[in-house]
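In what follows, subunit A forms one complex with subunit B and a second complex with subunit C.
And now, the complex of A and B:
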């Protein structure tokens, strides 16, 4: 019994960032990296299933990324993942979610898990499509934005709830294996102490190549993608002004602005 | 036998041999029961984790002996109880020593070597001394009874803030019963001792060697004459003496036998606890040994043997209970009850012959003897408990070691989890970019040296709050200006500095602490400077006391002593004396932790301020509530915050103008508390640095420098 959890080391902007010279991304020097918040929840969900089951369940964290993502994988190991896999090849550079989905599907075929969890989206690029693309390549049933899951490891099906617009919930039964993208708040991710993370450094992270999962360089990266980032840009600043002064002065100025907008005589 | 030798203590006189033998049977039984109890206790302590002591054993013994003999620690903040205990202690000590000396002569030296000394003048003087000792003992005991029965100080109430009425261990009446049994037993032993003495005098009134020397036992002699007045004569005296002899003797033997099983054992455990004392117990927390698989304390046997002995040293005096800021505001924590809970737990699990299964040794939880996580997280690690404990119990490391286990399990407030993750990611608790750490310096009219790039005389370790909190940034900028005007050659580490880790360590996140300390030590070692100065007492404490354990040995001082020298040496000159009515709040980490009581007060005096002390000041300063990581955990709604409690104390000072702090966290906590207690407008909270600036206005100071 195995649950595969797809995770990503996301980037957050540091103060005063700069765009890369080719204009297509932020200069890596200005990025602070961390495990994607959604993936924290999907990993926790998998670990909870493992802990609630008497038979051994293997939780495998997988990331398609260069070496720097090892940090995120170690965090997963510290939080209870049994194994960590990292697929990387220079050819993967520039992959869109479809290409990543193709690679993830190839890994899933190799690992043949009973469930594949992914986060609803990544906090940096927010495509919200990697998980679903993976399911499409696998031909597995899938569901997005899962906010509650009832699943016993090894069961043929799982029942879950999804968040719909307007506060509506949908309860769905799904056949396994399936791909579920997990929503924030489904659980409370545990804290991985620094000591646990350090100890996790002793566990190996298995690094695999495209050849290991049987896909060619042409199927991923720019060549295997259907969308391409043209450039990153910072929008023009809108009209905003900071009202300075004591609270009393600020209030007077604010009231003046409101009157101006209402068209009252000042 | 000379007349002199006849003047001696009457022991078994007129006892048939059988009765003497019977007494020895009782005596040896009592000693056997005592020794078995001692064995059980030692076995209990040995079930704790190992600990190797540092420093000379002789010095430890000497320190213990001095403290025990002068009773300094017992008399603090409770002179009456200290005085009464002193009477009991010396009374008991002399009487015990006297009785032991009789045994020494009668049972050992005389039968084996024929040595006798217990007669003549020596006996008479000793007899007088013991009579006076008895008065001291009884006087002390009677005061303690008066205290417990009539004065009833709140700190002797055993009701627990972390339990509710109805819980099996809510107010633990068995402790109360034991207290009274202890007092009564000693009173009865003392009183029957005098009666026995008197009865013996009456019985032997015809013997001049006894009767003529009776005034060497003045209390006994007085009672004897009173008994005679009531009509007691030789025969009646003999009968009374016989009965009382047995009663007094058996009670005393029972007392000895029960020492290891009752609170009486504090005679030994409290002294041992003093000998094992770590003077930096709260200032320098223990490291997690590399070999230890999971950090912290999960089971009672994870405490080291010294900590287990600490638990037994506690005399329930309630001084820590009284001093604890968490307890004062109604949080579910009393340091006393943490110790007593764990003691009860240790006694119920570790005194049996076989060690129970690991699952039964878990000290975390809500069952009797266990400590709840709410209790552990209520602690501010302010050290008030450790500082005042008369028997050197070290509560703070015990609490932090238990928290380490909670952190490992993620059993903490979600906001604290977030903060720890933020610190891991950014190196500061504000979640700001590392690059912004030195941003406060940009608006200054001069450039602050980057100590990573050029050598400086003084390296200023700024700390998180002073770097990122907008209100504190103003103080930080002011301090930079003052340093510059005083011509100090100083620099900062800019983004090379991380959170110092003091509070992270006190939260119990040791791994993160190691990371932060390691990063700061590397950054400091990469810079060239003579000393470190900081405005943050928390950073000050950990760099001063804890970094050396990680290889970082630096000279560091808090700004208050540094500025005091600048003022005294004329580098900074007071231009406009302030003449303000101020009170000074001792920050825990500057005052109690590092004894920095004088420098800030001296600076205030140099500025021309009047200092009106709060009742709780210096070593008894009352924590603002932000310590131990509590600044990252919201206080419960509707409950008084320690800072509010403190501001109310200050508000009672007539005509107070400025509440002076010298810690960035204090500024945040108390400005907030000033508003929430409705005292805004009555007085202001100011950082000492701001007062210095007021006394040395900018333009004129610059002119002075020019």
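And now, the complex of A and C:
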């Protein structure tokens, strides 16, 4: 019995950053990397299912990324993943979420899990697409923005709640195996203990190639993508009018704004 | 391949507001002579047709589906067939929770060009170009779709303004072939208003975000909000941590703060979903220690500073 958890090492930008010379991405020197916040919740959900099950359940964290993602995968190992798997090949460079989904599906075929979790979206590019694209290539049932899950490892169906707009939820029953994208707040992700972090540092990360999962270079990267980045640019953004001064002075202005509003409201 | 197909969205028999915004987005893309069709998928789609009869719409396609509510398998199958038959150049969906559940699969299976959370769509030298945000909305990313006959774009909400002028499009009934879906909607659940607060009616909201740091600090902001005559709200991380009930969460997935006119956000960095849910507010004041926080991009006034200091100083005035 196995649950596959797709994770991403996301990138945030330094306060000052530069666009790469070709104009199509930010210069990698300005990227600050971390495990995607959503993936922390999907990993926790898988580990909880494992802990609540009497038979052994293997939680496998998988990432399609170069070596720098090992840090995110080690975090997953420290938080309860049993194995970490990383697929990379230079041909994957420039992949959009659909190309990544194709690669993830190939890994899932090799691993044949009972369930696949992905985050709703990643905090950097927020495509909200990878998990559902993966399901398409697998031909599996799928659902997005799951905020509560009732599932026993290996069961033929699961019941979950989707978090809709405006504070509405929908309860849905789905056949398994399925791909579910997991929303923030579905659980409380654990902190890794120092001991677990140390143990994770010693665990191997299995690195596999496109050939290992039977995909050709032309199916991923820009060739296998359904969109192509023309350029990235720094937007001219509207910016708030800054209230300067000491905290006391700033509070006076803020109090004035509130009074003005209350005057209007009367 | 030509023309634009808009996929309107409905839930529990009501059209979702984003549907009308998509019609406006279609106008920004269509070329002279392009046909703009709006598809509405529902068990009784004709009931929803009237509200879609707007200027710029040439045809409404009332797609009768078997599922009572949104269902990924049902929508994928129906739209795959409809798109194959109509061969539009562009298909527009809302970037919504429903489309999160099937848009990527629809594009992946059928080979459509694909981009989500698009806030600008245009033609540059005849090429379709979509713009979306990247790296937490710090950059704009322009994407195109070389070689794709049909391109599916999921459009960000609250960007395009819904058209108001009525039109007289023709209405076509279209029955989707029945399929056996692998999921079954059971019931809808409304978030309970657990502590008798109605965020939807509040005109003045003071919200705390992740910057509040710990649960023990929440009480002082509740006290401040009461003194100011504001309703205390929170962003997602505060509700997820259980420091305030979910009924106080504002933003896209929280309660819609539709009546809000003055919004003071303290320690809210401004995730895109939060900003999208508060964009309509006339006066947003952001207080945050991080001068680079996204919320300063939408706020009218900004204070870069410590939220506890500002709160303490502000309290003296009320």
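Here is the rule we go by: the second predicted complex is superposed on the first by the 236 of 266 C-alpha atoms of A that agree within 3 Å, B and C clash if a C-alpha of one lies under 4 Å from a C-alpha of the other, contacts with A are read in each partner's own complex, and residues count from 1 in each chain.
Here is the rule we use: contacts are C-beta pairs under 8 Å (C-beta built on N, C-alpha and C of every residue); 3 or more make two chains touch, one makes a residue touch a chain.
These numbers were taken from a predicted model, which means no experiment stands behind them.
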| item | value |
| --- | --- |
| Partner chain(s) touched by A:127 [first = subunit B, second = subunit C, both, neither] | second |
| Subunit B versus subunit C as contact partner of A:145, first or second or both or neither | second |
| Which superposed partner A:166 touches (first subunit B, second subunit C, both, neither) | second |
| Touched partner set for A:15, first subunit B, second subunit C, both or neither | both |
| First, second, both or neither for A:1, with subunit B first and subunit C second | neither |
| First, second, both or neither for A:32, with subunit B first and subunit C second | first |
| Dominant toucher of subunit A (residue count), subunit B or subunit C | C |
| Contacts of A:197 with subunit B and subunit C, given as first, second, both or neither | first |
| Subunit B and subunit C footprints on subunit A, overlapping residues | 15, 188 |
| Subunit C residues within the subunit A interface of the complex | 11, 16, 69, 72-73, 95-98, 100-109, 111-117, 129-130, 133-136, 138-146, 148, 182-191, 203-204, 228-229, 236-237, 239-241, 246-247, 249, 252-256, 261-262, 264, 272, 283-287, 292, 296-306, 309-310, 312-314, 316-318 |
| Sites on subunit A touched by subunit C in the complex | 11-13, 15, 17, 19, 26, 96-98, 101-102, 120-121, 123-133, 135-137, 141-145, 159, 161-175, 178, 181, 184-185, 188, 226-235, 237-243, 247-248, 250-255, 257-258, 261-262, 265 |
| Residue ranges of subunit A touching subunit B (in the complex, touch as defined) | 14-16, 32, 34, 188, 190-191, 193-198 |
| List of subunit B residues in touch with subunit A within their complex | 288, 295, 407-408, 410, 412, 414, 417, 420-421, 424-426, 432-436, 509-512, 514-515 |
